[in-house]
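For clarity, chains are labelled A, B, C, D, E and F in written order, and residue numbers in each chain start from 1.
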Amino acid sequence: MDFKPLSGREFPRFSGIKTFFRLPHAPLDADYDVGILGVPFDGGVSYRPGARFAPSRIREMSSLGRTYHWSREDHWANRLKVADIGDVSTVPLSIEQTYKKIEATVLPLVQKKKKILSVGGDHSTTLPLLRSFGKVHGPLRLIHFDAHLDTYPAAWDCEYHHGAFLRHAIEEGLVKEVVQFGIRGPLVSKEDLDFATKHKFKIFTMDNIRNTHLNEVLKTIPAFDATPTYITFDVDALDPAFAPGTGTPVPGGLTSYEAQRILRELQIPNFIGGDVVEVCPASDSSDITSLFAMDVLFEYLGMC
Amino acid sequence: MDFKPLSGREFPRFSGIKTFFRLPHAPLDADYDVGILGVPFDGGVSYRPGARFAPSRIREMSSLGRTYHWSREDHWANRLKVADIGDVSTVPLSIEQTYKKIEATVLPLVQKKKKILSVGGDHSTTLPLLRSFGKVHGPLRLIHFDAHLDTYPAAWDCEYHHGAFLRHAIEEGLVKEVVQFGIRGPLVSKEDLDFATKHKFKIFTMDNIRNTHLNEVLKTIPAFDATPTYITFDVDALDPAFAPGTGTPVPGGLTSYEAQRILRELQIPNFIGGDVVEVCPASDSSDITSLFAMDVLFEYLGMC
Amino acid sequence: MDFKPLSGREFPRFSGIKTFFRLPHAPLDADYDVGILGVPFDGGVSYRPGARFAPSRIREMSSLGRTYHWSREDHWANRLKVADIGDVSTVPLSIEQTYKKIEATVLPLVQKKKKILSVGGDHSTTLPLLRSFGKVHGPLRLIHFDAHLDTYPAAWDCEYHHGAFLRHAIEEGLVKEVVQFGIRGPLVSKEDLDFATKHKFKIFTMDNIRNTHLNEVLKTIPAFDATPTYITFDVDALDPAFAPGTGTPVPGGLTSYEAQRILRELQIPNFIGGDVVEVCPASDSSDITSLFAMDVLFEYLGMC
Amino acid sequence: MDFKPLSGREFPRFSGIKTFFRLPHAPLDADYDVGILGVPFDGGVSYRPGARFAPSRIREMSSLGRTYHWSREDHWANRLKVADIGDVSTVPLSIEQTYKKIEATVLPLVQKKKKILSVGGDHSTTLPLLRSFGKVHGPLRLIHFDAHLDTYPAAWDCEYHHGAFLRHAIEEGLVKEVVQFGIRGPLVSKEDLDFATKHKFKIFTMDNIRNTHLNEVLKTIPAFDATPTYITFDVDALDPAFAPGTGTPVPGGLTSYEAQRILRELQIPNFIGGDVVEVCPASDSSDITSLFAMDVLFEYLGMC
Amino acid sequence: MDFKPLSGREFPRFSGIKTFFRLPHAPLDADYDVGILGVPFDGGVSYRPGARFAPSRIREMSSLGRTYHWSREDHWANRLKVADIGDVSTVPLSIEQTYKKIEATVLPLVQKKKKILSVGGDHSTTLPLLRSFGKVHGPLRLIHFDAHLDTYPAAWDCEYHHGAFLRHAIEEGLVKEVVQFGIRGPLVSKEDLDFATKHKFKIFTMDNIRNTHLNEVLKTIPAFDATPTYITFDVDALDPAFAPGTGTPVPGGLTSYEAQRILRELQIPNFIGGDVVEVCPASDSSDITSLFAMDVLFEYLGMC
Amino acid sequence: MDFKPLSGREFPRFSGIKTFFRLPHAPLDADYDVGILGVPFDGGVSYRPGARFAPSRIREMSSLGRTYHWSREDHWANRLKVADIGDVSTVPLSIEQTYKKIEATVLPLVQKKKKILSVGGDHSTTLPLLRSFGKVHGPLRLIHFDAHLDTYPAAWDCEYHHGAFLRHAIEEGLVKEVVQFGIRGPLVSKEDLDFATKHKFKIFTMDNIRNTHLNEVLKTIPAFDATPTYITFDVDALDPAFAPGTGTPVPGGLTSYEAQRILRELQIPNFIGGDVVEVCPASDSSDITSLFAMDVLFEYLGMC
């Protein structure tokens, strides 16, 4: 297996079986450096469902993906063995079973030091991913793009849902440091902020990001040490104009360029994995949200 | 409370707070004869979710509803006290909790001899409704419109899902007689039919319905005795051209006219309640599926 | 001016300035036999507006129009001088002014014995058309395709609206005979039928049309004498599956084939004009309703 | 009546009868401080109609509304009694009758010193609102977000339409001071500006807003005295990317963040009411325009 | 390789890499009986392009496919080794090069007596398929579902396009017998029929099909001898209500049920291959046309 | 012929035969200064087709066009004779024939010193336009808005396609100087940049444009001499949020305001013509991309 994307000059980009970046579909135990994994589950959402279709739709749109990163001057496909390792076999009716299946799939791969980029699914799917990475790499730094804090308590007696993954990740000791981008109100109440305050989140709210020129903001991002670092990108960090295809959109968010630039400027000595979540194709407009999700994966590949 | 729809001559039909048929929103314990209830839950689906938004969208489209049934020569609003009794408080992440909440809401109403028309939600929501009706009215006759048999076994170790409600209803002794309309292939295997055969379902497949003129088919519908009778209408009984807004569409189904005529010709001495399920607004086209769902409710009102 | 459609072999059908059937855009006083006129007005609707965009969208879709009618064995473009005579200058905020402008445009053309096919616009636009034709040709026979009777009283103190045109046409003595196709319930009340009964409408309800094979139904259409005959086609006569792009859809309607066959079988010795109304492009699905409206015009051309 | 939004923890946000912010639906004469009122009328538009459906769609999307404003550190629901007071009974065919009905509904409420936030409807509906507020509060300061000046003359002999409300408001003496945001070309002619110049509008054009960093622009907003101040927000002030769901979009407009920030930074000692208009759901993309309209209401609540 | 579809009980149907019927993606030279092949090319269309995306979208929707045919009492996956053999490498800018590539791919497979079911692409792609089958199996019987005759002459000096494949197939001696279903007007001119008449096509027009009950029509289908038989299904044979997702729709077509029944009743002793073409996903409504295309493939599998 | 747009006060903007800016449709040899020409061809695309429908859709949306440019203080319709000169007769199946037809149409007009603004079509249509202008005006300056460099080599043995027009224009000596705006990665490889480097393109990448305040960037645009200058605007220069209706979108692009400002600030002493290309209406959202394309034409008119 050569781990190269199918060339658009060999097969036009609209053709062929659709995999992430037109990469070969490899079995879980193949010899790749980076595996891109679908996690089609949306049983954790509180409003619009549909993210279960995101892996398939992002595969489709990632046909437009390219391999050379102009700013990084990096050609990932020449440097890394990357594969589409398929989807986790999820259970649409049970978050508990799905959590077990995600961890059962991902933990062994992390133990083999694979880098895993996953494509949700709703944000509840990040917890079992963090469990897999946390168990192997110790407590992690989490870089978190989102409109929401995701530190919410249980809802309707359900401990796990898409607004609570970060609270659990911290309570379970998987994550020790959090940097957030894109967070904004309105909130349910002032107390929403308590958890973040207590755990010393570094939050770049939309106001923080827009109060001066972006280049100035970028200079304030902390220099990261070698703590194993995971990035989770909820596309609702973007403004609904840039990411209409999501379940709980919030006006006043990032532009696609801002997100790209922040991702590009992050200096992460020890990047272990990442995900892009909460793409809801049924609410998208001309697939621009899926297209952007592909771009997040492209930035991750530059960090691998 | 006068239980009359808001007049389109008083408030144009696009205006006002949206309730089913522009009826007053009444508390559960109000003095109505027939309560129309939303059951916004889609945690039981195996493919496209989204039916959780159906009660809201059908309320919107039912603004176009009228009150006089030409064929029945019946003006339901003059004869019955009908109310919108709101939505069940469902739990999007848990089918088990949702089942309890549906039954906790509906059983007391059935015990008071209310007729309840409910608007799903996916087809898994019919089981707790049948439990409520079955406990009060003894084993029931079920008239079931669907493309699918819905007698399937557990899936992914989940006993309850939208393709299994009828199996449970029979195994739990809630239903003793089943008449189905619209059923068609393809099937997963020949064994799919065993349960229906064993329990002597009377099935009007699409071939049965189309093999002669509809009027001839209608004559073959059995004369029903006074057994308490519940009707469940899954909109995928219709062809996808007539009901694109559903989660698991199957080509080759009923037309809207055929469904109306069958509903109209049924002679049901003891109609106790009914539901319309599996409307998925995010997949609809100009809301024609929600509009049809309103029409099913209109036919039910004629039977009350 | 040669009054021939632009050939698809000369200019592909997606190209060129869009006119009805790719015909030349002629001034009102040109030497055509049949003028196709847009009437972009939707100020008479009670629910979804948007029919003001129908003439433009039907021009677009009529690029797919052809000129030879297989059943009639008739090639209209060889036999008739047909032109697109543009749109009436309507007043979106005033039905009264619009009525005057429509009549001021159309009456002189009818006086010159032109045949006028018009493209609404909502159904309120038919009244000034009937006034124009009625003043010249005496009381008319009206053939009326619709889901609704359109004999409703004033609404919100507005005498004229899209559900009242037929009542006025009869009360003003413009129409003496009415044949309706596609009418169906639900109705507001039983009294809705009184006007039709009093004025001896010949109504082919959906039940009448579906109670036997279509060919048998067609035989029951009366033989028409030489009374000047106008046809008005409200696309909601079709089922919403066939005409989703309309303002007040009603389930259980005609198929496109049934409508074509009825139009084709009508034997009208003295056809003076017709219209197609209530196409609402914003609610359409892949423009199938606009495409059908083009087909209605095609049938009219065969009658000219 | 407790005037609290229905909790998302009690009823998931997709469930329940839809009211603004899930607030109780109160009668006009209830004991609220702030009433949110729908004004479903689009008979004043010159291009795309459809805003009549905006109150219903914004109710739906305001289910995502929250109550705590992070920047203002304000929890409106704890401080104010806010209610959904339903829709004005409009007359879709008559702007004159609709004007009377709006004023008849709103004037008595303003006289009782209620604050009214209204949800159009097209921009023609703002005039009767200003008449109601102007008659009670004397000549007003108007803060006006829009792409257009809305000082246009009569059109097609119709004095009142959606591009003329501001001219009338000034000519009638209801408004004495105007501050505009988002205004941009192209214009019909240079003379379009004469009215604004004559009446000393303070205009923040897009060029004014983008010529320096937003924080600098915000400093140039005048300090407002206690003149009673009304805000009208036409969503076409936003760029079509942020507000595609509107009737007369103009490229080159505000971002959602800019609009939020401007609204937030306004220091208004005497805020009496406001509206958000020109949302056209049929042209929207994933309801992002309705969602933004909810956000405007949220900012207004922070000013009440 | 076991040539079984991925089970919906193992992986939910929304998950996994998308192949036709969730079958394994096999190389061209694998040991299958039936290969399902994508032919993503739409360079031959005269109106709406977009069919190049059909193979991908039909793979997506065929996740809903099942394996047991109720009427045929046949379980294709138990009887046949079926595989998704990927897409032909087409050239979007050149019909000539694409023709060569299709034939270069398919001819060797036909020579090995594989059955090939292909998924267009526009109808111009059928010619190189017929060349491949014709060269091996001698002159063929062609069963052709379509709204159009597809016997048109060259257009704009281009000999090959989507309306001319059948003329070439006959002129090249590939096809000796043609049976057509769904054909209907309007036509460009009466001469359109000359080619069909000369070559003795057996045409079931829409009028033929609707002039009596479908069961009577089915009896008039000729008994077929062992002539090698190919079926080509242009989805515009269906009415636009049933197949909106196509490039040149024509009102008045088949229902999905009629098409299924005709396919099912055909008795074909020597079925060698078939295709489904002209699905245009960008014009589809909730993917109902792609879903139907999957159904055509399902019927073909029953004939293999 | 008076070359004035039809007034919105005479005919509402939704009415009338649709031409660019509601201008008269003039024959090619009429006495206009500036001709706006449609070039409906998308046979050169490598991904999503559909730009063939752009001229028609942009005509529709340009009904919203106005004539006075606020910043330029210029009223183009008072100063110039502008006409819609219809569409080139393209050949959808042949880029070679289409190139000949475009040049045969445009070259004679350029020779008569007409200014031509054209509306594609895909970007491959710019080459024959540059040939027409280059032959008359000698080697040109090209100002090029795009996400892509468009200097790519042949693909699938096809020399001409939408990503190669600029390479040919330079190799054929038609263009001697290139200034690009909006260019961004990802690229296929580092070598993509070689052609631009070799030919000394002045590139304003997205990073260049966003690294400081726009006003600072604008100051760095070179002062242009009297070299004949052509502008080609590929709408994918915009971010997909602002231009979803295009065939190969790339996240991270220009806002509509940035594009307007850059166009406005360009000081071009010798503007000879321009085009706007790659609008794909089938992928658009509420026609915002077509609306923006109209705005580009409006800026061009200010330069004529």
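One rule holds in what follows: contacts are C-beta pairs under 8 Å (C-beta built on N, C-alpha and C of every residue); 3 or more make two chains touch, one makes a residue touch a chain.
The structure displayed is predicted, hence computed values, not measured ones.
Steps from chain A to chain D, taking the shortest chain of touch contacts, total 1. Listed by label, the chains touching chain A and chain F alike are D, E.
Across the assembly, the mean Cα position most removed from that of chain A is the one of C. Placing every chain at the mean of its C-alpha atoms, the farthest one from chain D is found to be E. Note on interfaces B-E and C-F: more C-beta pairs are in contact across B-E.
Chain A and chain E, compared by their mean Cα positions, are separated by 40 Å.
Work out the mean CA point of chain B and of chain C, and you get 37 Å between them.
Residues of chain B found to touch two or more other chains are 12, 14, 46, 48, 52-53, 91-92, 155-156, 213, 239, 241, 283, 285.
Viewed as a contact network, the protein chains fit none of the simple shapes, being neither a path, a ring, a star nor fully connected.
You'll find the chains touch as A-B, A-D, A-E, A-F, B-C, B-D, B-E, C-D, C-E, C-F, D-F, E-F. Interface residues of chain A, counted against chain B in their complex, comprise 42-46, 48-50, 52-53, 91-95, 97, 155-158, 160-161, 282-283.
Considering their complex, residues 8-9, 12-14, 63-71, 73, 75, 213-215, 239, 241-242, 255-257, 260-261, 285-286, 288, 291-292, 295, 298 of chain A touch chain F. Interface residues of chain E, counted against chain C in their complex, comprise 46-48, 155-156, 184-190, 192, 205-207, 210-213, 239-241, 244-245, 248-253, 283-285. Across the complex, chain F meets chain C through its residues 10-12, 14-19, 25, 38, 40, 52-53, 55-56, 59-60, 84, 86-92.
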